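Chains here go by letter, A, B, C and D, matching the order in which they are written, and residues are numbered from 1 within each.
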């Protein structure tokens, strides 16, 4: 059993972490913080957790947190980077579900996130927590930058093609669709049921913060610059991301289905579906799986890859638990083995 | 480990059973039947189960089923009553999730279900599988009639009042609202997204088959005839039942909150919320819990009880697993301990 | 053509008024106010109105509004009562869609709305704008209090029974379900898609502000005190109210279907459905119609009346336009004649 | 007033036609056919039409239909092509909302629709009913092939670029998302609320029937072959199509915003939004408008065009009414002037 703290337990990423951690056999939750809800019972705010937790929200406090073996930051961007050094110095491991440590280049980070980085010196030791790419580094890491939701879906979909150099990486397109929980639990008009249901829209077409994160990952895989057009959309459902990926094939004769299957054959949480399949987001609702399918319509040179995840699980809290399992030597799938909730 | 068969594995009740059983530590699924899907892989029809099951659907066959320790019937009404005798004779235990064995009076059953009962002789030994009422009998049962979804929510809500004789049982009202999964997975115009979403309606106001089942349960609890008006409604969501129950108080001075709390204090799957609470169906989505709240608006004599369940879990498959656990001496909550999926 | 102003044009009631008024053949919209959106184009906030309106939001100003023939208040409670006198003095007619003038007893109003009434002297001349009850008074009114959404659905459903004295009015029950647009367009966590979709709950069971409004209307119809239990619920859809009404019949032998049909035979916006029908809220989506059905389950003495409206139309903006038509001698259905949007 | 018949009045396209036609000032509906619903009142099947229509469904009959001035076919593919000749010979005009007359090449049609064409000789005189392209020909037409829903959204979005020769037409991508009403009103498991809500998926990636229709239109506009990757998706809502279009700019220095604005400046039903906008499908719910926005992310050479329509209106019934207006010399927007239903 390890002692676990969650900083920022009132958002969707936070409560999803709690859902997974309260039944994880190796975890004892000891601290859950929230400035706004200080003093109220966690299970009062989230009745789904009644009977699982009798903690109250506390104000974030370094002393209390330093008694944990690991602390998850499920906070808005800009918080974790201010508190990480103190905790790391006390020997606490950290998984940051915000974007603070995802981008290696602090200037690039500042440009997209609109503030200076508070501890650029940590960026190099932070490990980007995509286990399918960085498993060994994650095992040894003290600080893991948990990937964004879109970046998880898009990278897992493109990686086999990019890594093998089979497509023109100067012209990749990722048309991604997210459920509304991606917008968070903060009160905002745009995420009201009456605004976001029975409607569909693109947003941030001129530029979304996940663009540089995805490019960084794909460039590392390909070893060369990547040109990516990334268009996110809001779709009227709670959970799920569907990324539809387009790439131009530059090499003939590849058996793409075999490539994908073999590329991910040892991965518990990436499921390459049979040829011709169309994965549905609901097939991963509440689960940590990424389901992929690869298509070559009419045998042309435009490939279409379909990639689905639950944005709150493989796209956030589930991947964080997967990373925690790796960091502590637990079985990688522990606490993540329930099938999706269907229907 | 016990060997488990599921007859009728293609409906929502069936696939929900599979979701729970594939990760139940005491269960080995050995037979899953479906006439329509014979020969196809279960995980092909339900990709959420990929990696959990490599069975194919088979045609129902008594020999194959008789090698099981227990068989669940997740079939339309009228099937289980024809196959039960043969299996019971071979020592197989049965939990029937259809309505075949719920009503003790076969004439009453025939009236509401429009066919003669195929084995009225089994009705007496069938145990009505509401653990909060019949736990001991279930432990000893060979044949359990798993309650309907509405009857579970309505009975658990009314039982403390009726059992204690605090209300006028000649004028009970149950205004119940169900998600669309209650209508099943069969193709029907009325359950299409375009018909059932963005709309709300009552149905079967002249009489619904769950009425006699609820009355039977409440009459057994009260020991006298019960007058019940039961109005079901279809609400535009997948899972969940919310029963709003009305009763006239006949006895002054009761502490109703204390009554409910104490009545259910030993029950793992009934959660009485604090005074003034309004349980939401999503707080039990995917979980086996029934959440209750009791209100006495403006201190008048009309009581309002709010009762929520997930119709596919506590209202069907979860309760069936709870019953299985009791029948085989497993911990009652085994395999049912995950929190609700929220949001 | 009359000149029309709308005070508070940014909420759902306001934008619904605009939807109806921009195509009303007798209406010229001249002023639309909003403190928060001052200076921005109305059609920028609501692109559905692009091409219909080139007004900008302005700060509420008595001079500008006094050039209108009529002003609609689509404001939070407590605004209209402060501005009404000034406008009425300048000969401007007013329809208030908030609750300020609905309750005749200013003490009762204060109790439920938590503030003193700013102009109790206007309460007597304010006409409660339910045309089916007060048509002649509305025609002559200078100030109309537009009914609440629940009160419209509940009163239209109960009125025939109560007016004819056929039921026990000491024990009426109204179990009402509303779409989320009833919660307004303000940013609130509870109305987020991720909180309010895929869930169902009751709220305000101890007491809701529409209770005294409904009681006042029913008591006026019956001529005696009314006991009402009113339980509102939130249902996961945008528009629509479904009221399920329960009453105990005190008089045998009535042909209730005939009673309802004849009671509403001259009403354009109340549609009594055939015996046995179950009206769906979607059958009135976007339309000003209230659809009713009356049931007597199993021939017992508990009656069940089903009443559906679109909360934003017959429950708010549509009824306001109907009242405007009456006040200015236009055909009562003018601008309100489009069928519901189905599906 | 013209006499209008609708063949196939029970699907979503059919009932949407009825919604528009019952309040069209120049239309008298005289015949509505359905084999399945023969003899039942139209308003019984669709209560939203109660009070607007007292017709019954009749069996399709050439004599009855030949008394109409125009007949709409809202039938499955393969029906209209068998009945068109007879009606045209009797002087009846036809608008076919199915796909029978959309493709000029009958061999290509056969390949995609899986049957021989019943009257290829009519293909040349059939006018493709996209008014923004073929307005004059539609005015003179006897037989109009009403465009598909996806083809309407995609063509209107690409046309300015393709017509002006500004993009590489060998590599166009259309990533399109449709509400579930596009799947029709037939009972099917895939369109059940419990299957299609809270989920998102692509379908028909290997090839969708609207692909050749879109290519034909774009090739006619560009005067040269077009390479198009078209990926349709199902999104959990009732109405709406959002097409996200990708093209590679081949010509520098164009003011694309100005191009789009001027290209559609005389069109009542195409609304080019301001630079930087993201049109939402709900902004056209129930309306005949197509809203467009054009983006050039990060100033690169990949253009992104966003195009939204209501699939049942501009994508089907509304465009059909627009075509009828043109064919009979009515104002083009008559009966189509209501704003979208929002929210």
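As a convention for this text, a residue touches a chain if its C-beta (ideal position, glycine included) is under 8 Å from a C-beta of that chain, and two chains touch if they have at least 3 such contacts.
Just so it is clear, the model here is predicted, and its values are computed rather than measured.
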Contact-richer chain pair (by C-beta pairs counted) among B-C and A-B: B-C
Intercentroid distance (Cα basis), chain D paired with chain B, Å: 45
Chain centre separation in whole Å, for chain B relative to chain A (CA means): 36
Distance between the centres, which are taken as Cα means, of chain C and chain B, whole angstrom: 39
Overlap residues in chain A, where contacts from two or more other chains coincide: 12, 181, 194-195, 197-198, 236, 238-239, 279-280, 282, 285, 343
Arrangement of touching chains [line / ring / star / complete / other]: complete
Complex contact set, residues of chain B against chain D: 12, 180-181, 185-189, 191-198, 236, 238
Contact footprint of chain C on chain B as seen in their complex: 171, 173, 175, 177, 179, 194-195, 197-203, 205-207, 227, 229, 231, 233, 235-240, 242, 244, 246, 248, 276, 278-282, 285, 295, 297-298, 300, 302, 304, 306, 308, 343
Residues on chain B engaged by chain A in the complex (per definition of touch): 12, 15, 19, 22-23, 46-52, 181, 198, 238-239, 271, 273, 277, 279-280, 282-287, 289, 291, 337-343
